[in-house]
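Here subunit A shows up in two complexes: once beside subunit B, once beside subunit C.
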Partner chain A sequence: MNTKIKKIFKHNEIYLFLIIIVFSLIITSINPAFLTLENLFDLTKSSAGMGILAIGFFIVLLSGGIDVSFTAIAIAGQYISANVLMASGVDNIFLAFLISCSVGVFLGAVNGIFISIFKLSTLIVTLGTLSAFHGALLAFVGTKAINTAELPDCFKVFGHKNIFMLSRADGTSYGLSVYVLILIGVVIFSWLILKYTMLGRGIYAIGGNRESALRSGFNIVGIQFFIYCYVGFLAGIMGVMHISLLRYSNPMYIVGTELSVIAAVVLGGARITGGTGSILGTLLGVVMISILEKNLVLMGLSSYWHQFFVGLIIIVGVSITSYQNKRRSIESLTFR
Partner chain B sequence: MLGKYAKTIVLFIIMVGVFAVMVIFLQDKFLTVTNFQSISSQIPEFGLLALAMMLAMMTGGIDLSVVSITNLTGVVAAIILTKFAGPQMGEGQIILIIILAILAAVAASLVCGFINGFLIVYVGVPPILATLGTMGLFLGIAVVITEGHGVTGFPDKFLYIGSGTIGVIPIPLIIFIICTLIVALALNKTSLGLSIQMLGSNPVAARFAGINNNSVLVKTYLMTGLLAGISSIIMISRVNSMRPGYGYAYLLTAILVIVLGGVNPSGGFGTVSGVVMGVIILQLLQSGFNILAFSPFFKKFIWGFMLLLVMVINFIIAGYQQRSGKLKTRA
Partner chain C sequence: MAEELLEVKNISKAYTGVQALDNVSMSIKRGEIHCLVGENGSGKSTLIKIVAGVVKADEGEIIINGRLYKNLHAIDSIEEGIQVIYQDLSLYPNLSVAENISLNQMVEIKKKFISWKEVKNNARAELSNIGKELDLDVMVEDVSVAEKQLVAICRALTHSARLIIMDEPTSALTKSEIDSLFSVILGLKEKGISTLFISHKISEVLKISEKVTILRDGRKVGEYSTDELDNDKLIFLMTGKKIANSSFKYKGKEHDRKVLLEVRNLSKKGNFEDVSFKLRKGEILGITGLLGSGRTELALSLFGLNKADSGEIYIDGKRVRINSTQDAVKLGISYLPEDRLSQGLFIEQSIGNNIIITILKKILNRLKLISSSKREKSIKRWSEKLDVRAPSLELAVQSLSGGNQQRVVLAKWLATSPKIFILDGPTIGIDIASKSNIHSIVRGLANAGIGIIIISDEIPEVLQNCNRVLVMSEGRVIRKIDDVSDVTEEELFNIVSRKELIKVS
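Then we have the complex of A and B:
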């Protein structure tokens, strides 16, 4: 029993979970409305999109790479699918998802080509594609925002869909959004890939030691290509969720929020050097960041502090895991 | 082919070529005094950022926080300039305040650089993530100090730095040239510079060769911070204001020019002359695009596309050189 508890405490996730609990209690003491079912449902709905992006980024991080272009892919998928739907008059949410995800996979494939075939540095490639994709979207597709009135109904309906409803005291109702289902689906699918397929093994292997993975026979090019296409696919999903949530689309949105997603993932314990981390940790990180972002004002800090805290969290989160890694490599006399 | 000067010569040819294309296609609009003035006013502040990024990249790392450092140090200097310098003060006092502001900016930039160096060296955070975090942190501090607003209204004597000239040469350009010479000298003639190159090329070998990796890295990031701080002083004196969030477009283009200028993102290789030529090429292109009235979005697309293109070309050239036995790359 003692060793089992000790084993649990070895994982970073438990500390994050405790921090979230403590944090939630502090916020609830200031604002009792926080720990209500309705607020929690609302929180889930609005952070599901970030959760999906975080899972994508997490998988890239596992493979030892970095991808900062996912926000541009998400907004590109969103804006293009909305415009196509508006132009063609078709009002089908599945078509929207299809278009957005196709755009996402296509753009992700562009990343994949540069990274896996040309073997270029992942950060610089994705910095370049972030600029190129977003610039191309704004220059070639357009900059006009889509307001609620023009938005096809399928988005609005989708945004409101709930799994089940509960009623408040005054008779109105609220519910748990289907976004949760999508998030759970993505989580399960990603988890299955990572845990039970050779592809998943390959991802961990590349992240752990690329040279060893190569010599073990893993198809590095194929695996990396898949990873970046998958990130694009997830970004496409998030794009449609985002537009349905806001009932509004502005091609300048989403881009600029990369740091929050990255903060969530590193908070969850994923190491930049790749090879370790868990989806659970990533999700906990997303929860923490979401709660932080939405309740900063409650704690008496204006929204100006947001940027500061995100940066601080990234630094603290990464410092802890990096320092542990450093100590471990010193003790084992390996040179990173 | 032509030995180690091959890349530099190719760059020079490209630079002249771009200039020629601009002149041919945009004749009267390009060859104007105002155009050259605007080019030469942008080169210093941007070039210093490129040099800063170059130093970090030569050690095999990267510094994504350079623009945030300029934001923060600019805010620090701006606050001192506006809070302490009143119109009723004597000239001597104003100059004192200006010197104080500049010193404060330099100190702030060194602190920022040290934080970067500390995280990377002593905590062991990889440069990408460390500077990603400090990018947000430093900008966050700047935003909190100014509450998102801009700070304007600097004393005239200070603005002299940004818009004054010595002879026909603008002061910012002189500062830039001096810094370039110092960095080039440091990289090629001092032991620190050589250590940087060796460390970037192969950190483990450098360590075993007796180089104190930790101290070299910290000094590198200190220099990066310092250059960013100098850039911010030029920046704010040129536009007579400081608003947090300014200059982030420079980040991608800084990486673009140094990759264009021959710096290897994995570290170890790179020349100051290459970077300077890269800066000039970029500014020429930038000015050409402005004359052609390209939208800022299209420019964004082009910079991203160019970065990818340059990387691919470098990859192909390296492959070609490797096959012909000229380039000895590490595994």
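Then we have the complex of A and C:
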């Protein structure tokens, strides 16, 4: 029993979990409405999209890469699918997902080609494509926002779909959004890939020691290509979830939130140098960042503080990784 | 069943004009422990790469298990059961011991999905195969070098290896770990698995091998059974020279020389405790002990990289504090690190840039910019003084052999005109001819009045080059030997190993 508890405390996730609990209690003491089922449902719904992006980014990070273009891919998927649906008059949410995810996979594949085949630096490529994808969207597809009245009904219906409903004291009702199912689906699917397929273990292997992975016969080009396509696919899903949540689309949205996602993943314990981290940690990181984002105002701080904290978290997270490496290198007496 | 597992016949290979291998043949029997020796650049690595199918030979044949290959591919080599354990071990630090052992074989048989039960079972089976136990779930980055080596060996065994090639496997191991590795190799022999062992350390070669193939300048000098060889003969065959084992004579009497450095009761928790010694002008002090005895930690403290908790350091009789490498350099201390590639050199930079890096301030012109004439002069002076052999001094350091690289590191520090020079493992991974050359450079420095500390676990190196020796164990100085002529190699060895004795040399 005792060793079991010790084992739990060996994982970084437990500390983040405890911090989230403490933080939640503090918020609840200021605003008792925080720790209600309704608010938790609402929080889950609004952060599910970020969770999906974070899982995509986590997988990239695991392989030793970095992707900052996924927000541009998400907005491109969203805006293109909404426009296609409006132009064609087909009002079907599945078609919207199909289009958005196809756009996502296509743009992801562009990243993938540069990174896997031409072996360019992942950060530089995706910094470039972040700007290129977004610029192309604004230039070729348009800049006009889609307002709620114009928006095809299927998005609005999807955004309001719940798995089950509960009623409040006053007779009105609230529910748990289907977004949760999508998030759970993505989590389980990604987890299965990472844990039980050779593709997934290859992602860990590349992130741990690329040279060895190459020597032992992993198809590195294929694995990297898959990773960036998969991130694009997830961004496509997030795009549709986002528009359905807001019931409004502006092609300037989503881009600019990539640092929050990166902060969430880093907070979740993934090493920025690749190879380590967990999906559970990533989700906890998303929970922490979302709570922070939604409750700073409540705590009397302006929402700009969010930006400040996101930056701080990234720097502290990277410093911790670097410090641990330094400790390890001092222990082995190699000063790098 | 044919007795010969591997035969290479008349292999030649040239790289852009350089004949790396010239008509080399070698054969390895089933269950044989074969050593491949030769100086740096003698063609050992090329030969291994050809056997592994990574590099193609220009001429010659390879016969494995009786099958003739004219064009051996890496995949053929693996399928025939040849496994190379490279020096870097090629492990995944972020994955568990079990996965590191099993993963590559699963890639090889083109698995799509992974069964964790199978991963663990395979790993456990291979570990018990070599009679070792390791925690399967621990991450490889958290285990010791010796354990990493076991993981790499087990991984090789998962490929149903018949021949395991180990490239310099002992360089980062302690003596008892080397012993344990040797017992594993002997265990493999009993199972009919052959080992091709590549090493610089003569004593190890003589201890473990049955057959020795010697290469020199891309040619085979001969294939000997180990009983025919002894230390001197092997050195002669490798280098083509008789290398005189002269020893260092400390000039002057103990007391007419000035004390350069004095250390009093220096301690650092967990590293070393209560270390005191003096270093005089013109003497070479040896510090020896097993890996982990605190010898390197102590040296790092003197160079400001590992701040001591308590104790005093005096230089020229004045008490000093050494909190950073800058402090150390200002006080006239230089440090030649154990791992010259990652700590001593900028391997992608030119030889010249590496030499002047420590004296940039001295070669400025009036505008405080680097004067190219002063730069050239310094580079020329030091590369000639240390006999750095290279086609051009603007070539990257990584293109040099180990011995030449070490000369560049020496040049770089000598350019600062140090008073005290600490050399940690000055000849690790360096071939014998260069080794004796570096020893003579170091002796020359001592004769010129520099105080030198050599840290080494090679007993002969310490005895030949030092006039005094400190033996460390578990962080303490357990013996001070004031005159090395008082001890024999064997005695010093017994002191160092504190009776956890093995039969080396």
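Worth a mention:
By our rule, the second predicted complex is superposed on the first by the 329 of 336 C-alpha atoms of A that agree within 3 Å, B and C clash if a C-alpha of one lies under 4 Å from a C-alpha of the other, contacts with A are read in each partner's own complex, and residues count from 1 in each chain.
The definition used in the following text is that a contact is a pair of C-beta atoms (placed from the backbone, for glycine too) under 8 Å apart; a residue touches a chain by one contact, two chains touch by 3 or more.
In this text the structure is predicted, and so the values were computed from the model without any measurement.
Once chain A of one complex is fitted onto chain A of the other, the partner contacts of A:S29 are absent, as it touches neither subunit B nor subunit C. Once the two complexes are overlaid on the shared chain, A:I124 sits against subunit B while remaining clear of subunit C. Between subunit B and subunit C, it is B that contacts the larger number of residues in subunit A. With both structures placed on the common chain, the touch criterion links A:N147 to neither subunit B nor subunit C. Contacts of A:A132 after superposition on the shared chain: subunit B is touched, whereas subunit C is not.
By the touch criterion defined above, A:L312 lies against subunit B but remains apart from subunit C after alignment on the C-alpha atoms of chain A.
Using the contact criterion defined above for the overlaid structures, shared-chain residue A:N209 touches subunit C, although it does not reach subunit B. On subunit A, the surface patch touched by subunit B in one complex and by subunit C in the other comprises residues 211, 335-336. Residues of subunit A that touch subunit C in their complex: 195-202, 204-205, 207-209, 211-213, 215-218, 274-276, 328, 330, 333-336. Within the complex, the subunit C residues that touch subunit A are 88, 90-95, 99, 103-104, 106-108, 111-114, 141, 296-297, 300, 305-306, 339, 342-343. The touching residues of subunit A, when paired with subunit B in their complex, are 66, 114, 118-121, 123-125, 127-140, 143, 211, 259, 262-263, 266, 272-273, 302, 304-315, 318-319, 322-323, 325-326, 335-336.
The residues of subunit B lying in touch with subunit A in their complex are 62, 119, 123-126, 128-130, 132-141, 143-144, 147-148, 203-204, 207, 251-252, 255-256, 259, 265-266, 295, 297-305, 307-308, 311-312, 315, 331.
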